[in-house]
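Below is one structure, written out as structure tokens; comments come after it.
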Amino acid sequence: MTEFLQHVVNGLSLGTIYALIALGYTMVYGVLKLINFAHGDVYMVGAFAGYYIATALDVERSPSLPKAVAVFVGAMAVCGALGWAIERFAYRPLRNRPRLTSLITAIGVSFLLEFGFQLPSLRAQGEAFRGVLEGWGLRLPAPVAGVLAVLPDNFPPGPTPRFFPEPFERVDWTVLGGVHVSNYDVVSLAVAVVFMVALQLIVYRTKFGTAMRAVSYDSRVAGLMGIPVSRIISGTFVLGSVLAAVAALLVAGSRPRIDPIMGLMPGLKAFVAAVFGGIGSVPGAMVGGLVLGFSEEMVAGYTVSSFRDGIAFAMLILVLLLRPEGLFGRVSAEKV
Amino acid sequence: MRPARMVAILAAALGAAACEAKKPGADAAPAAASAAPSADRILVGHIGSMTGSEATFGLSTDNGIKLAIEQWNAKGGINGRQIGLKTYDDQGKPEEAAVAATRLTVNDKVNVLLGEVASSRSLAMAPVADANGVPMITPSSTNPRVTKENGKVRPFVFRVCFIDPFQGTVAAKFARNDLKVSKVAILRDVGNDYSMGLADYFLAKFKELGGTIVDDQSYKAGDQDFKAQLTAIKGKNPEVIYVPGYYTDVALIARQSRELGMRQPLLGGDGWDSSKLFEIGGKAIEGSFYSNHYASDDPSPRIQDFVKAYQKRFGSTPDGLAAMGYDAAMVAFDAMKRASEPAGTSLRDAIAATKDYPGVTGIITIDQNHDASKPAVVVEVKGGTSVYVTTVKP
Amino acid sequence: MSPPLALEARKVGMTFGGLKALADFDLSMREGELVGLIGPNGAGKTTAFNAITGVYAPTSGDVLVAGERVNGMRPHQICVRGIARTFQNVRLFKDLSALDNVRIACHAGSDSGFTSAWLLTPKHDREEARIRERALAFLEVMGLSPRSGELARNLPYGEQRRLEIARALATGPKVLCLDEPAAGMNASEKIALMELIRRIRERFSLAILVIEHDMRLVMGISERVLVLDHGVTIAHGKPEEVRRDPKVIEAYLGDAYLAEHSLELPEGGDR
Amino acid sequence: MGRLRLLLRPVVPFAVAAPMLWGLQVLAPQDVAIILVAIGVNVILAVSLNVVNGFTGQFSIGHAAFMAVGAYTAALITTGFREVQIAHLPVGISDAVIFALALVAAMAVASVAGLLVGIPSLRLRGDYLAIVTLGFGEIIRVVIENTRALGQATGISGLPAATNVLWTGMGVVATVVMARRLLVSTQGRALLAIREDEVAAEAMGIDTVGWKVRAFVISAAFAGLAGGLLVHRIMLVTPRMFTFVKSMEVVVMVVLGGMGSITGSIIAATVLTVALEWLRGLDQYRMVIYSILLIALMLTRPTGLFGTKEIWDTLPRWLGGRRAAGGAR
């Protein structure tokens, strides 16, 4: 019984993460009908942004609430900016092109982030460059050399995983005779719920949200109605990326290993969750994420754990075949 | 002529890229200039996953090799010939490894081929090495089939690491005889042949020694959440959990097991050996054991010197893979010194004749299966480092 | 004795989530007949079309083609049974040549797998040749032969309309359903089009069902007119009778005006 | 005589290609050969995927899965018959025959897999199909990793080194001929119709689902062929070789070449393979450059190299180009 409850707790904390990432997918898809494959990598960037800020603030030795907040806000800002940039430079130029095209650029961006973060640090690269030049008997002009000296020596992080300092003290509670819950699980859940509710409000209560839905319904007409489509889409990207950052920090805080490809699998899974819940629907993404989290947990816990990944997708396929529009998705019969 | 324009763009982009990227190219391979083999130069070819999910392992190995080369060159090279290194990335894909191996052997005409970390990739390289008569030493591919395919020993392929059966057995013996436990749970990386191999041999040996495997769970490298499996394992309350994976995942596994209030020590293999394990694992990993080639607290100078030199050169403590890469290169160079001609069959024979070479990862002797027979040590994680516990002879 | 029934719709009903878009739609057409289906926007004309051609399965009633019950069948099956259609908003295969558009239709139903194409069997060659000839013939009829090589998207609007008709004819239908073929044309174009439709009917001896806003046009060519309003058939009969029918006039106040000046309203609620 | 010509016509391309390829096979040095094989395999993958993604306008991103099915099938057969020699046949020939059979089996099994995935999922539109294929790819991998008979993570090693330039070349010819003859046939036009407008195609009497499934099965079969060829070049098959990333690489080739353009796929596959090989020396920088290149190309030529056209449609006349207006003509 305790074991089952434990699984429930685990599944919940896993599901909330999926849900948060899935929200990003679902919103972007909603307005752009584009599977933003780079989303998982935005999530990764979020984790690293948090990491660098935390190291700068020396969170590891002296964690505190204000610092934690700073880390969160900073990472969210970075990801927001990144999301905006990606949309602006990789997707917008192709908006009126076949969607496959932007899908490829999405993959391109994803690769760029993943492999870019695996490069040696700028300083190391600079030194290597200097080495080559000197190998040719050339030497760097003084100003350039000066620049070399100030290049960051731990960015890009390279492929070796980094340790993510705990943004705040970890507390573990044992409840109901043997079920272990940590304040991280609670905080994650709380934060996730808060953000989801906030998002729901944004989408259904604000002017921006209304515009967003209009764009997702028919961006052309929305444009004719004087809605600044581009700005709305940018906004959506920023929003989604910010959520990805939140998810990343919640994960990194309790599972403190971060590396450049940490976004790959969570990205795919979250995508599955989004589709499962009906891509384009906010509550769908939440439910999808939770369902996925639970089912993975239960499969791994009670059957052959190596089928864990398989089950996520098997489930997905089943749902799609039985209910192609997903749990909360709306049917869009093509008008003839 | 739009396609033409396209091609132009492509060419331009490539060109630009090529120039821009000269730096690392040259960095990774001081010998980049000398693709063609010359009598007064020795070229080492290394294939590793410099990008992708296992890049960190490829990188460490590459560093180890670099260090070995720089040390020899500093000493005036091998019989007066300087050593160059050419590293190719295989992105962790076997097919890439095969192509890279072909290029190194056929175009770059390397004297010796080093790599790969993962057996699956070494298995893709081995046939190429044999076909071209270029000796190949894999630093850390532990699957028996790498050196011995269908009962036949591959003529040109060697290794300086343990093989799965040995290390699995070591762990099993240690668990049964030294820790005196009888109930063990296994948590293996289903996507990783190294982990699967160790787990299987451990399982067999441990049963043979009269122990019982209470649970056999698996995860996938890169997972961030292992609580499901751990919770299941906890229900079976084993005395020890055998986790033959890489430190990248083990650190998290340790943490999460503690978070679930599990107190059992974890037991692992040389894949654990990295300072990252202690950094990420923190308190959680304390009191766990793993089999390894050496204990970093081993006072013997050859180990301490290596650790110092490595830190000096790369600013980080070497992990097991770096040490293996270093030894693989060292064994090759030692053989070259002895060989009449530092390439081809004579080098092959020289490597095969390696006996009691004092490597960082132990006294290496290449046996008739082209495997390194060397004792394994078992170390315990104490105070953020590994502490010698016992030595197990082959 | 009169020719056999080509199309027969018995009490066809169509509801979308409670909304009754079409109710008890009755229609029977004989070979060579030309029936006009008119009604204000949102009257359910296109719905009737979709129910007949299988885009939607009718929620009630039956559709028979040459005596065979077809409702519930997928559109392509119905097409093979002998109903071809055009679309209100032209739906050509835009990136294919006019010729290919028609050839595809000629393929209708022929279900020879890929193998013959790979083995280049003589039979396959003959088939290809036959299809090509037929396609060219239909382009000829529609006066599009000079355009056969053009991409459909590059054709002027009027020709696209004609090409769509050619494509529909190429499936060898017993019944040809034209959904507002004259939409967006000016008066003279419309006249020409109606002339063309008449010619088609004589030459291919099929039943033609035309949806049209513009009453005068339909009245001009069809021997029977059926008027829909809010999914209900409010009148059915000879043009002149229908024209005088008060219900029709009422339903048409406003719309007729628009239609005669060939102004288009988006058919928003037309479901 | 005429009869004979009719009988021969279908095999002309093979008859012409065989000697050339054989020559290449003999002349090409080992390092060139392995690249050629790599290119060939990618061309087969790209062109076969193009049948689904390009001709039919469906969006499959699980091509690697069918590759895997074919690869394992072929591997099991060749390893199973390693010691077998067909009676009255010299070793070489007998091995070749066995390999040929293995490849055929690979295609067959892969196509069955294609059928199983296709029948239910091809009723779905657009992205949903993409997701199902993606999911299927992951599932296949998980299944392999959990099957002892398939060697789990280690896979099956020690396969005969059967694949060479000749075999691969013939595979490429077969694939291209398949795609080309399809494209210019009435059956192929049915697929194009589906790509252009599914509703209209259906209304014109085209059994859209049926044709989609057919296209899917064909493409799966040739993916299987590619898999079989690849693993017998590197004498090893592991689940790692058939990841989601691999599928994506193929999709990239197709889109880059232009949806529905055979020559486009061929050129894209070749260029990408060669480019990656060329960049190999730059280890870590390689994929970074690759991705930048990818983005740049898509931004400069969103419809791919040739759009839906073939190369000769885009060449100027004096270069023997015949600017056929009809996209697929």
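Each chain gets a letter, A, B, C and D, in the order it is written, and its residues are counted from 1.
Convention: contacts are C-beta pairs under 8 Å (C-beta built on N, C-alpha and C of every residue); 3 or more make two chains touch, one makes a residue touch a chain.
It should be emphasised that the depicted structure is a prediction, and the values quoted were computed from it without experimental measurement.
Using the contact threshold fixed earlier, the set of chains in contact with both chain A and chain C is D. When every chain is reduced to the mean of its C-alpha atoms, the one closest to the centre of the whole protein set is D. With centres defined by CA atoms alone, the chain at the far end from chain C is B. Computed from the mean C-alpha positions, the centre of chain A lies at a distance of 33 Å from the centre of chain D. Work out the mean CA point of chain B and of chain C, and you get 71 Å between them.
Centroids of chain C and chain D (each the mean of its C-alpha atoms) stand 41 Å apart.
If you average the CA atoms of chain B and of chain D, the two centres end up 35 Å from each other.
The set of chain A residues touching two or more other chains comprises 115, 118-120, 304, 306, 309, 336.
Chain B has residues 24, 50-51, 55, 190 in contact with two or more other chains. In chain C, the positions touching at least two other chains are 55, 87. Within the complex formed with chain D, the chain C residues making contact are 53, 55, 74-77, 79-80, 84-85, 87, 91-97, 99-100, 103-114, 116-120, 122, 124, 127-128, 131, 149-151, 154, 167-168, 171. Contact residues of chain D toward chain C in the complex are 6, 9-10, 177-178, 181-182, 185-190, 192-193, 196-197, 199-208, 210, 214, 218, 308, 324-329.
Residues of chain D that touch chain B in their complex: 29-31, 34-35, 38, 145-146, 152-155, 157-158, 161, 230, 233-236, 238-241, 271, 275, 277-287, 289, 292-293, 296-297, 300-301, 305-306, 311, 314-316. Those residues of chain A whose C-beta lies close enough to touch chain D in the complex are 29, 33, 35, 90, 93-94, 97-98, 100-105, 107-112, 114-116, 118-120, 268, 271-272, 275, 279, 304, 306-307, 309-310, 312-314, 316-317, 320-321, 324, 334, 336.
By the touch criterion given at the top, residues 1-3, 6, 9-10, 13-14, 17-18, 21, 24-25, 28-29, 32, 50-51, 55, 86-89, 91-95, 97-100, 102-103, 106-107, 119-120, 123-124, 127, 131-132, 143, 145, 149-150, 189-193, 195-197 of chain B touch chain D in their complex.
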